[in-house]
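We just call them A, B, C, D and E in the order they show up, numbering each chain from 1.
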Amino acid sequence: MAKSWKMPKWFYQLGSPRWCYEITGKLLPGFAIVAALLLVVGAVWGLAFAPEDYQQGNSFRIIYVHVPSAVLAQSCYMLMAVAGAISLIWKMKVADMVAKSCAPLGATLAVLALATGAIWGKPTWGTWWVWDARLTSMLILLFLFIGVYSLHHAIDNEINAGKAGAVLSLVGVVNIPIIKYSVEWWNTLHQTSTFKVTEKPAMPADMWIPLLIMVIGFYCFFAVSLMLRTRAEILEREKRSGWVRDLVEAR
Amino acid sequence: MSEPSVDISLTRVFWITLRRDLLLAYRRRNDLISPLMFFLMVATLFPLGVSPEPEFLSQVAAGVVWVAALLATLLSMDSLFRSDFDDGSLEQMLLSPQPLALLVLAKVVAHWTVSGLPLTILAPLLGVMLYLPGEGMSALIFSLLLGTPTLSLIGAIGAALTVGLRKGGVLITLLVLPLYIPVLIFGTGAVQAASTGLPIGGYLAILGAILALGVVLTPLAVAAGLRISVSN
Amino acid sequence: MSTPLLEANNLFCERDERVLFEQLSFTLNAGEILQVEGPNGSGKTTLLRILAGLSTAFEGELSWKGEPMSDVRDDFRASMLYFGHLPGVKATLTAEENLRWYCAVHPLTRIEGVHEALAKVGLRGYEDVPCHSLSAGQNRRVSLARLYFSEAPLWVLDEPFTAIDKRGVAEKEALIAAHAAKGGSVILTTHHELAIRDNVRQLALGGEIPR
Amino acid sequence: MSEPSVDISLTRVFWITLRRDLLLAYRRRNDLISPLMFFLMVATLFPLGVSPEPEFLSQVAAGVVWVAALLATLLSMDSLFRSDFDDGSLEQMLLSPQPLALLVLAKVVAHWTVSGLPLTILAPLLGVMLYLPGEGMSALIFSLLLGTPTLSLIGAIGAALTVGLRKGGVLITLLVLPLYIPVLIFGTGAVQAASTGLPIGGYLAILGAILALGVVLTPLAVAAGLRISVSN
Amino acid sequence: MSTPLLEANNLFCERDERVLFEQLSFTLNAGEILQVEGPNGSGKTTLLRILAGLSTAFEGELSWKGEPMSDVRDDFRASMLYFGHLPGVKATLTAEENLRWYCAVHPLTRIEGVHEALAKVGLRGYEDVPCHSLSAGQNRRVSLARLYFSEAPLWVLDEPFTAIDKRGVAEKEALIAAHAAKGGSVILTTHHELAIRDNVRQLALGGEIPR
C-alpha cells in the first residue's frame, strides 16, 4: 500500500470528521437555498414557459428531470469511486462516509433516470424499453450501484464495509469505460435505432437554458443530500467522541 | 531474518500453490463435472424452454453458449476462497510473507484450469447441439479461451469480497455480473462476426487486452478484498 | 537494555460499542512466554488477531524489533507462527499434504521435519487419511504439528490445547517451554492451568479473571 | 413421558419454524434482493448476449423469464440447509421428536416466500423489458405462482442430499435440473399458449397437480435425505 | 432390578477399516453419569452420535427403557438433550432467539427459563447481540444454556467444556452433578479432569488411555 504522499494541509483537515461536520454545517444553508431556487425557477420555466416541442408536444418536458438525473448518476459514481480511493489510500474517514452515502443516492438517481426515460419512451418510441447503448449502460450503472450498496450493508463492520465498497467501486471505474465502449459497439453492430438518444436535439435557447438551470439545481440538491447523509454518518460513527457528546448535550 | 523468503523463489510458491489447488480439485473430481453439466444443461433447457427449431437455434447459439459459460463460471466462483476461509487456510495464506497477489493468481489459474478450460473444450459440442454455423466454431473456441480466464479473474474479486459473509453465493452474482458484460459482448460479437464471415481479429485483440489488464490488476484487488474479508 | 521483540503501545479496541481493552501496553522479549488471560469474551482472540496482523480494527502502535509494524510487516510475517481457533487444515488433503503446503508458503520451516512431526503428534498411521476422516482432536493435532518443524521465533497460539487429550497437552506444554528456553517467544491463551512456570508472564484482560 | 409433545401442536411447530426462517432471512435482508437481481441480470444478459431486437425478444421472452426464474431458484437452493448443517442446528432438528417433514416443509415455505414469490412479482417487469406480448403477462404470473413453489420443493431434495458434502453448490444443479424440466415445459407452454390466444387452463391444472404432489411427497424425501447427509 | 434407562449391547463400529470399538456393552441408569474416556481419535464422538441416533454406521443393539431403540425413537428423542461438537447456534440470531426456537421443537423445555438461563451462563447484556459477534466461548455458552431450562432426563454432552473458562467449567460441573442428583442421567466426554465424584462411571475407549 502506498505510504502517505505529502498532501496540502487542507486535505488533511478535510479528513477530520469534526472539521468536516462544521464546514458542511456552514455550507448547507447556502446550498439548500440555491438548490431550491434553481429547481423552482428551472421547473417553472421548463414546465410552464418553455415552448412546446414541434414533434413531441408536451411530453418532451420530462427532459427536465431525465437529463439532470442521468448526468448526475454518472457523476455520482465517479465521486463514489474517488472518495473510495481516497479512503483506501489515505485512510480518511470522511471520504469513506462520503463514498458510503453516494451509493444509495446514485442508485436512486439511476432509477429516476431509467424511470423518466421509460415514461418518455412510451409516447416517443412506442415502447417502455429499448436495448439501446445509452439505456443499457445506464442499467448496468444501476447494477453497479446496487452492488456497492449491498456490499456495504452485507458487512457488519463499518470500516471493512467501507474498504470493501471502495475496492468494488474502483474495479467498477476501470470497467465503466470498457462497458460504455462495448455496449456502444455492440449496439451499433446489431441495431439501427431510429431514435438516437445521443444526439442533442437542436434546441432553442428557451428550452436548454431551463435545462441547464435544472442540471445545476440537481447538482446543488445532490450536494445538499450528500452533506446531510454524510453528517448523519459522521454523528453515528463519532458518537463516542467528545465533540459529538458536547453537541448532543448542547441540544 | 528475512533471507529465507528470498530462498524460496516466487515461481516455486506459485507452482506449489497451483499444484495444491489442482490436487484439491482432483480429490473432489466428481465436483469437476458439475459446472460442465450445468453448462450442458443450460444449453439443453434453452431449446426446451424457448424453441427447438434449427434455424432459430443457429441464430442464437453463440449467445446461448456464452451465457451458459458465463453462468457456469459464476456458479463455481463462490467456492474459490470459501473453503479456505472456513477452515482457516486463508488466514495462513494472509500471514505468509509471500506476496498474496501471487498466491491468489495461482488459485485463479487452478480454478480456470478446472472450470474455464473444460468449458472451452466442451463448447464445440454445445455448438453442434445448437446448430452453430460451422464458420463460428473456431471463433467460439478462441473467444472462450481468451474470455473465460477473465471471467475467473473478475469473479475472484467478487469471491474475495463476499467470502467473509454468510450466504455470499448470491451477492457475488450481483457484484460480478455487471463486470462480466463487456466480456460477454465481445465474446459473442466475435462468434457472430465469424458466422457472418467478418474478421474476428479485432474482437480477439480486445478480449486479449482485457485479459492482460485483468491478470495484472485483479490479483491486487483480490488480495485487498481478502484482507478486508478476513479482518472482519 | 536490548529492544524488545514485540512491543504494543496504548492499544485500544472496541467491538459493538463494548470497550475490550484500552491503554494496553506490553512488551515481549526473546525467551518469554506471555499468557493472555481472561474469561470468555474478554478479548483474547481479538488481541491475538490484532497482534498477528489479521485484524485492523484497533488503535495504538505495534512495533517489531523496535520498528513500526507497518514498515516490517513481511519480516514479521516470516517470523511468526499463528495458530488460531480455526486449524487451517484442508479436509480433503491428508495431514502430510497440508503441512507441506504450509512449508511452501512459510519460509522458516523445515520441510524434512514434516513426517517426524506427524509421528510426534500421534498421527503415525494416519498419514494417508484425508483430514475430514480425522476426529476433532486429531484435526487440531495436524495443525499443532507445525510447532515441531517451524523455526519461527514467535509463536502466537490461541487456545492450542482445545480438544487435545491430556497426554497431548502435556507434550505441547513441554514443547512450548523448550521453545522459550531456546530463546523463542510465545504468546498464548488457554483456559487450562499452565504447568510451565519459567519465563511465563500473565496479561489479564477483562474485569473479572477467574482464578 | 411423551405427553408434552402432543401439547405443542404441530401447527405451532410449523409456524414457529416458518417464523424463524423468515426472521433469519430478514436479518440478512440484503441477501433477499440478490436472487432478484440475479433474475433481472440474467434477463439482461440475454439481450446482450444474443440479440436486442424486439421481435426476436418477444418470441423468446417467456422461455427466458422462466429459465431465469429457474436458475435464480436453483442458485438460492444450496443455502437452504447449508448454514443449519454447518452450525449444528440441523442435528438439533433431526433430534427433535417433531416430524422432520413438517419442519422441512416450513423451511421450504419460508424459502419460497423470500425467493419464488418476489420473483413472481418481479416477472412482469422482465416481461416488459423483453417485450413479452401483453396477453402472455397474466399467464406468466400464474404459471410462476404455481411453478416456483414446486421448484423450491424439488430443489430442497437436492439441497438435502448434498448438504453433507463440501462444495455441494454445483452438484445440486446436477441432481435437480432434470427434475425441473417438466415444470419448465408446462410453465413456458402456458405463456406461449396465452400469447397466441389459446386457453391455458390445462397447463395451469398440470402445474397445480405437480405442486400438490410435491407438497405431499417431497418433504418426506427431503427428510430422508437430511438423515442420510447428517449420519455421514 | 429396574430396567436401565439406556442399554447398549455388543456395539461394533469401524471407520475406514479401523475398528473403533467392538463388543462394547454398557447400561446407564437414572441418576448416573457415564464419562466416555479415551485419547483423541478413540471414537468418543462416534459413540455419542450413535447413541443419539445421528449415526447409523454401527452394529449391535440399543434399547431405551428396556425397549428396542427403533420402536421408541420419538420418545427417546423427546427425552434427550444432545450437545455436540457443533453448538447448533445460528450466527445471525441472538442468543435468546436461538434458544426460543430450540424450545419450540423440543417439548421437554421450559421456555420461561430461557432468559434466566442466559444470565446464568454469563450472557446478561448480550441478549440482543447476534451470535456471530460473540466469542468462541460465548457461542458455546449459548448452547450450554439449554442445560438450565431443559427437563430432558438424559443429557448427551460431547466435550461440553471446550472453550469455556475456568469458572464456567466449575459451574457446569456443578450443574451436571445436580442433574444426576435429581435422578437425571448424563453421558459425557471431556479431556478435563472431572471434579464430580459421585455416581460417575468411566467407560474407556481406545487402547491407551492417558491417566
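A few notes on this one:
The rule is simple: contacts are C-beta pairs under 8 Å (C-beta built on N, C-alpha and C of every residue); 3 or more make two chains touch, one makes a residue touch a chain.
The structure presented is a predicted model; accordingly, all values stated were derived computationally and were not measured.
Farthest chain from chain B (centres taken as the mean of C-alpha atoms): E. Across the assembly, the mean Cα position most removed from that of chain D is the one of C.
The mean-CA centres of chain A and chain D are about 36 angstrom from one another, to the nearest whole unit.
Between the CA-based centres of chain A and chain C the separation comes to 47 Å, rounded to the whole angstrom. One finds 45 Å separating the Cα centroids of chain C and chain D. Of all residues in chain B, those that touch two or more other chains are 28, 83, 86, 166, 171, 174, 177-178, 181, 185, 231. Residue positions of chain C touching 2 or more other chains, listed in rising order: 56-57, 85, 91-92. Along chain A, residues 140, 143, 146, 150, 154, 156-157, 160, 183, 186 each make contact with two or more other chains. Residues of chain B that touch chain A in their complex: 154, 157, 161-162, 164-165, 171, 174-175, 177-179, 181-182, 185-186, 189, 192, 210, 213, 217-218, 221, 224-225, 228-229, 231-232.
Every residue of chain B that touches chain D in the complex is listed here, in rising order: 28, 30-31, 33-35, 37-38, 41-42, 45-46, 48-51, 59-60, 62-64, 66-67, 70-71, 75-76, 78-79, 83, 86, 166-167, 169-171, 173-174, 177-178, 181, 184-185, 188. Contacts from chain E toward chain D in the complex involve residues 52-57, 74-75, 77-80, 82, 84-93, 97, 101-102, 104-108, 130, 143, 153.
Residues 1-2, 4-5, 7-8, 12-13, 16-17, 20, 23-24, 27-28, 83-84, 86-89, 91-98, 103, 230-231 of chain B touch chain C in their complex. Touching chain A in their complex are the following residues of chain C: 17, 56-57.
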